[in-house]
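Letters A, B, C, D, E and F mark the chains as written, and numbering starts fresh at 1 in each.
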Amino acid sequence: MSDIVTFGETMLRLSPPDSERLENADELEVRAGGAESNVAIAASRLGASATWLSKVPETPLGRRVVGELRGHGIETDVVWSHRGRQGTYYLEHAGEPRGTNVIYDRENTAISTAEAREFDIDRIQDAQVFFTTGITPALSTTLRDTTLNLLKAARKGGTSTAFDFNYRNKLWSPDEARETLTKLFPGIDILVIAARDARTVLGFEGDPRQLAHKLGSQYDFTTVVVTRGEEGAVGWHDSVVHDHAAYETDTVDPIGTGDAFTGAFIARRLDGDDVPTALEYAAATASLKRTIPGDAALVTADEVEAVVKDSSEGISR
Amino acid sequence: MSDIVTFGETMLRLSPPDSERLENADELEVRAGGAESNVAIAASRLGASATWLSKVPETPLGRRVVGELRGHGIETDVVWSHRGRQGTYYLEHAGEPRGTNVIYDRENTAISTAEAREFDIDRIQDAQVFFTTGITPALSTTLRDTTLNLLKAARKGGTSTAFDFNYRNKLWSPDEARETLTKLFPGIDILVIAARDARTVLGFEGDPRQLAHKLGSQYDFTTVVVTRGEEGAVGWHDSVVHDHAAYETDTVDPIGTGDAFTGAFIARRLDGDDVPTALEYAAATASLKRTIPGDAALVTADEVEAVVKDSSEGISR
Amino acid sequence: MSDIVTFGETMLRLSPPDSERLENADELEVRAGGAESNVAIAASRLGASATWLSKVPETPLGRRVVGELRGHGIETDVVWSHRGRQGTYYLEHAGEPRGTNVIYDRENTAISTAEAREFDIDRIQDAQVFFTTGITPALSTTLRDTTLNLLKAARKGGTSTAFDFNYRNKLWSPDEARETLTKLFPGIDILVIAARDARTVLGFEGDPRQLAHKLGSQYDFTTVVVTRGEEGAVGWHDSVVHDHAAYETDTVDPIGTGDAFTGAFIARRLDGDDVPTALEYAAATASLKRTIPGDAALVTADEVEAVVKDSSEGISR
Amino acid sequence: MSDIVTFGETMLRLSPPDSERLENADELEVRAGGAESNVAIAASRLGASATWLSKVPETPLGRRVVGELRGHGIETDVVWSHRGRQGTYYLEHAGEPRGTNVIYDRENTAISTAEAREFDIDRIQDAQVFFTTGITPALSTTLRDTTLNLLKAARKGGTSTAFDFNYRNKLWSPDEARETLTKLFPGIDILVIAARDARTVLGFEGDPRQLAHKLGSQYDFTTVVVTRGEEGAVGWHDSVVHDHAAYETDTVDPIGTGDAFTGAFIARRLDGDDVPTALEYAAATASLKRTIPGDAALVTADEVEAVVKDSSEGISR
Amino acid sequence: MSDIVTFGETMLRLSPPDSERLENADELEVRAGGAESNVAIAASRLGASATWLSKVPETPLGRRVVGELRGHGIETDVVWSHRGRQGTYYLEHAGEPRGTNVIYDRENTAISTAEAREFDIDRIQDAQVFFTTGITPALSTTLRDTTLNLLKAARKGGTSTAFDFNYRNKLWSPDEARETLTKLFPGIDILVIAARDARTVLGFEGDPRQLAHKLGSQYDFTTVVVTRGEEGAVGWHDSVVHDHAAYETDTVDPIGTGDAFTGAFIARRLDGDDVPTALEYAAATASLKRTIPGDAALVTADEVEAVVKDSSEGISR
Amino acid sequence: MSDIVTFGETMLRLSPPDSERLENADELEVRAGGAESNVAIAASRLGASATWLSKVPETPLGRRVVGELRGHGIETDVVWSHRGRQGTYYLEHAGEPRGTNVIYDRENTAISTAEAREFDIDRIQDAQVFFTTGITPALSTTLRDTTLNLLKAARKGGTSTAFDFNYRNKLWSPDEARETLTKLFPGIDILVIAARDARTVLGFEGDPRQLAHKLGSQYDFTTVVVTRGEEGAVGWHDSVVHDHAAYETDTVDPIGTGDAFTGAFIARRLDGDDVPTALEYAAATASLKRTIPGDAALVTADEVEAVVKDSSEGISR
């Protein structure tokens, strides 16, 4: 029985070392990464117990993904499939003006066939929070239903629901995304959304505070967090909007920053923090994540605390 | 204008270093590998000019494959596709009793949609030999037609045709393979086939010499080469059967051994060798290949000559 | 609730790549390894659920060890300690005549202070088998008591007890080992012991069959397995002795072979196999282990089955 | 038949990983690099077909260089030599105040003996542009004649000539360079020169605009490009001077930046761009190059376009 | 006979590559590092002959440390011990807000038992300077006596004594450090101390100039250098205080910066420089050190000179 | 003052990892290697103090070589040169039939200009043994004189002389070698020569025992050792011939085997062993060397002792 249960696809992440170009790579670093397991890991690092649900091919690649996630400290409850591929993404790290680039290779995956009835619904209904993202329904029409059904099941069991909008323009168009995802909104308690997505996909206007307010007012969310990259985030709750700036950070890997933020936010909320405090720990976790290679926020609660308390001072020895 | 033109899929080959298990790998070595480009490379190393035809996605992964092949010295004539995946295979090296294991991830590839009309048929008709393998028609129904059409086009242009049977049991059943591939036999001049495939898939019986003879007699091949792994190969030509033992070798990578053999055999035949001599150079090339990591037989003609002449003697310095 | 619970120290294993000398190494490969977690992993791979109990420092090194073990699929139930070191061992791989060499750096460890009362005894009493080795009591006088107490607790709860004698001459003398370990014998159901240890430490004489028989007769074991390295193992049960030869294998890492054997033997016994069958699967698992780098037997049940059925045949593709 | 033909030495480039000191290195990364092949690659990436001419030892090192260049997509037309070394350079990457350091090991190379009559002059005369640099005549007296003769041959065949001044103070003195290189000026249409070299070696004074104007006026060039590192470049053509600032970039490897600039400039001019537009694409290509390890500008035309259009926005996924 | 003799512990330094977390590392880079050998190396690089004294276990790990130090060009005079561990430290590199983190594993080391009588005192008395740091007496009570005795022996032999205060809060408390180290002050000629330590441990107040003055006045030092990280250092000598700013630098490894500073300062003083000049070379050496991975300042005297003369200008080729 | 002084060239050794082909390598392992420093290292490991004399370029590459040798425990007395290259050799490891291949890049080296007067002759005359090889005079005519002069100086100082014939067919012809090297014979006490060289270069006939006898009788050597690779060696001394078989070994790097043999033989002779015993330790050292990557025999005297005593028995733990 975990505090938080997340559901989604975790991919094998293959990236050339340093800034090497993929087309010239002789070696790829292998890690596992996906928004929903990233969130579970971050929440777990901040003290919540976390389980990730998914459907994974019964192959060495599938076991590679699940093993890494378990190694990061979360529980996994996986439907092992004898059909469908393991999703993969290729990641090319680069500074400006080249920029970090992601190439998805996630067609015909095992998870794209996952139906709600394949999962142990009790797991979800026994948790305090059920979390998924807007990536999951983008992966297949089956998963659109599954996402809706799992959100419904959570609600039915009294489990709070949290959702990261996470629009991916390499997966679908803004119109498809808006149409699909707004249908899920009635089942969602906590919405996390990038300001850019609120504007481009949902068509809202205004600064992040206004976006948070409009989203919170128009739909039936209890909490709305609008993220705005390096400028921090805004949290709307009980009709009040709270701001928190991002911490400065020496970025080595930006992938998973938002997930670290969201996982930490949920964990701290579960732990009883008010929204401004939870935003602060979320921002600190996100800033630490950016110093760590890989999708996963391999931080400790003490380290997050130290960032919030600003206790760093050169080399610790 | 090349001496030999080959057609088929070349995959990205991803393998954990040393004997590491895929499910535990943090790093993958990247190479390009596929039977038809392997044959082109081996032929080219032995002195024939060689071109590889294929259809490849216009992505960094596709460019990765083509770049490596060009770097090995062959020409590439590629249809760049905006749809379809780059085929991939994962390779786990291991000694006995674990054994080397291949995991294909080659669904929905760009090449599976390749039609004969997309290629420059003159390239084939200007060559002396056109080569493909039984892997290509196993990849899609489209490719069954394409293979047939390209073989026909070659014949029509007076180009000799060579074919490696190459049955892959992870791609199709023996029955499917037999039904499809025997239909191609009338268009083939030189057949290369493993003794095991001749038995298991085609249902022939007998020792390799008998298999070669039966195949040569029953179909209209000019030459039949029956390979039998570490025990060497048998060549049937003009109703005569020739044997050649394999050379002893310290194997570091067995993948591509058969292709090295076939490429060298074709190159030496083009160069005017008789069948027994060509078999000898083919066996020497295959034995050198096994000492080289990767699919490609990165040998020199001098090195092959030295093996045939048995001139090695400890460290050369 | 696991089928098998093991207790002991797992060390950080640091080894130079390939055959590099430690004194010349610029890089060390990091893995986790220890007899009792190795056994848990092997058992788990063969289908038993397994939990490893230990006491581990609350440091990145401690988390490194626990994370890896969880990644290999077992449960961990760990007392996190704020005092004591993480045990480490340096491993130099080499062929003959240099030989593989282990350098222990395991003084003042957290686990050396572990007392029985720190652990959740229910975990042990709910399991079918409790397993530890002769290494554990060699680590500290505290651990001698702890080992005895945990074995007693297991018995009291109706849990079967299994014990690998595992004499380590870099930890203590034969006399110390004999005196300490024979005191534990009355609480042990299944004893695994190397023929060499039976002779050198316990002073028995005879061939492995005789050793097994003498041990089984003299003490109150239900089962005695005498291992003899590359010559296989002998199992004594119900006064009958069964032999099983070792499988031939291309060894890349011999460390953990015995643990793979023992874990598989226990798992298959739990699954209902008779002693000769369990020995067969144990030997197959051990042979596969030797092809895998690291302490852990990262095999699948299907692979073990294939070795037993001898179904391997060259490259699988 | 290529749009652009370049001639010069390409060296094996050996560099310790990261910022390691050469005197402490246990490993060297191997790449191929040389101004003239770098220019060919950049031009090819921007859409021009390109061939590199050179003389290379018939050794694994020579094949290593040629293979890599072919893998980057250009044609190579190489005189294989049985005498002379393969030029090598050692590269130590470092930030300030240490700075990146190059150690040449390029004495007695095969190319230093290359004479014009060894090359296929038709290749040059069939191209639209022939390119070489001031490095080539610095390598041997033979190469001074060869450079002059090839430039003459190009002119004679109606091929436009482009030349990068590229003064290297580890190869010769400013006086030697000036005396030799100004003799080549009458045969050159497009001159690329660093402002520093125009001042230090040629003795001109003034800002880059003035330098370009003076050079263009004094000699018979059709186009003069004066580069000034991170401050961009100035192009003089038809008596008009055009400026273009450099793009900001996160540099991982500065080597080859100027060559990327020049290659792109030539390719865009060949494609019909006016000088200001060509300067813009050249600057964009140079800025992308700095994010890529190695000498070669492994960019795509689309990426260059995106920099010019400034369309980047965080992670692309 | 060396110009400078240093005494202290040098540890095996184990660090994950790049910014990887220790708890997730599969590989550790191995180097040797310790303040006193770092100082010897820096002094040696600036032209002084240097010997490092220590007590080291007679194991591959001990030999690993000594071999590396010798490879960096210093002499080593080592008591080989058959008891006691080789000290180790784990180093996690990270940017802000995570920060670089050091985990010591240096309990029960061979050196912690070192007594003055084990060393060749003539070595010290024949040198011009004897150097040790405040780390050494923090390691054991035995070493407190040893440090005192060696300083006394140096003085007795007419050898000048230099001491870096080097407070390490992971080894002892400020109170313990103050009590122990101030007892050593009467035997010290040259004191190097971080402004932070002067405040936190010794309880002085004021800016670095004031701290230097107070320390110099209160105790019987001939020279006091107060370092203040990236803001440079202050040197007090003959009642005059001299400032020197730090050079700007692209840091890849901050560990050992202070030791590089101190070693260079001593070497230049031995070479006859006045304090301001020695501070300048010390700062230049420190700035170069920060561009070099590892504890050791692998610079050349020419490189240091170039920084002082500010002669750098882009890529040197 | 060292027991043994050796003189010769040590090269930078660059080799692709594992069995990778040089023409396909993206990475080279760097080590230092040369017969005379290899001998010094082996002798030092067996307990003799050893110094290597040479002339080395004052560059990072030269320092790289000297640093490594010092790290292996020998003294170096080097003439630092501002002219001439650092010799390099490329090494391709491969099993049969490819075989290990060495590519020399050692033209125009600093050492090729070394004259006897540049060295500290006292170093040689204070030693017990002076050692060099037949490689040194093969490098330049200057070095022929230098070798002769240093041998003479050694004799004059009462230092015993030892010489390894070491014919290298990539450096000179058998005729040149014979003519040059036999002129050195009168100044040599101990000759080591491969049976193959005795036959091919010197024209002797017979089995190794006969070769040793003939060489010993015809020239004025006190000791002749004839090596015959994996079949061991023969030692002639005081007109008696002694045989010693080679030990079986799992070879990972054959380079330096003969040097390990010779260095150990000399060290044990210096230590007072008779010829048969010295041959035994030499063979044991050589067998251990083959398990170690790199030219240097990084063994301990205890390990050699253990091979002689045959005390190995599986994993030592």
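One rule holds in what follows: contacts are C-beta pairs under 8 Å (C-beta built on N, C-alpha and C of every residue); 3 or more make two chains touch, one makes a residue touch a chain.
Worth saying up front: this structure is predicted, and the values here are computed from it rather than measured.
K.L.:
Looking at C-alpha means, what's the farthest chain from chain A?
P.N.:
With centres defined by C-alpha atoms, farthest from chain A sits F.
K.L.:
When chain C meets its copy chain E, do both sides use mostly the same residue numbers (more than half shared) or mostly different ones?
P.N.:
same
K.L.:
Matching C-F on over half of contact pairs, by residue number: which of A-B, B-F or A-C?
P.N.:
Most of the contact pairs in C-F are shared with B-F.
K.L.:
Compute the distance, rounded to whole Å, between the mean C-alpha positions of chain B and chain D.
P.N.:
Distance between chain centres, rounded to whole Å: 39 Å.
K.L.:
For chain D and chain E, let me know how many angstrom lie between their CA-based centres, rounded off.
P.N.:
Distance between chain centres: 45 Å.
K.L.:
Two or more other chains in contact with one residue: find those residues in chain D.
P.N.:
Expected reply: 21, 23-24, 26, 67.
K.L.:
Chain E touches which residues of chain A in the complex?
P.N.:
Spelled out, the residues of chain A in touch with chain E are 247-252, 284, 287-288, 291-294, 298, 303, 306-307, 312-317.
K.L.:
Going by the contact rule set out above, which residues of chain C touch chain F in the complex?
P.N.:
18-21, 23-24, 94-102, 104, 168-170, 229, 254-255
K.L.:
If you look only at chain C, which of its residues touch chain E in the complex?
P.N.:
Residues 14, 21-31, 59-61, 63-64, 67, 85-86, 88, 90, 92, 103, 105, 107-108 of chain C touch chain E in their complex.
K.L.:
Per the contact definition, I'd like the list of chain F residues that touch chain E in the complex.
P.N.:
Counting only chain F, the residues touching chain E are 67-68, 70-73.
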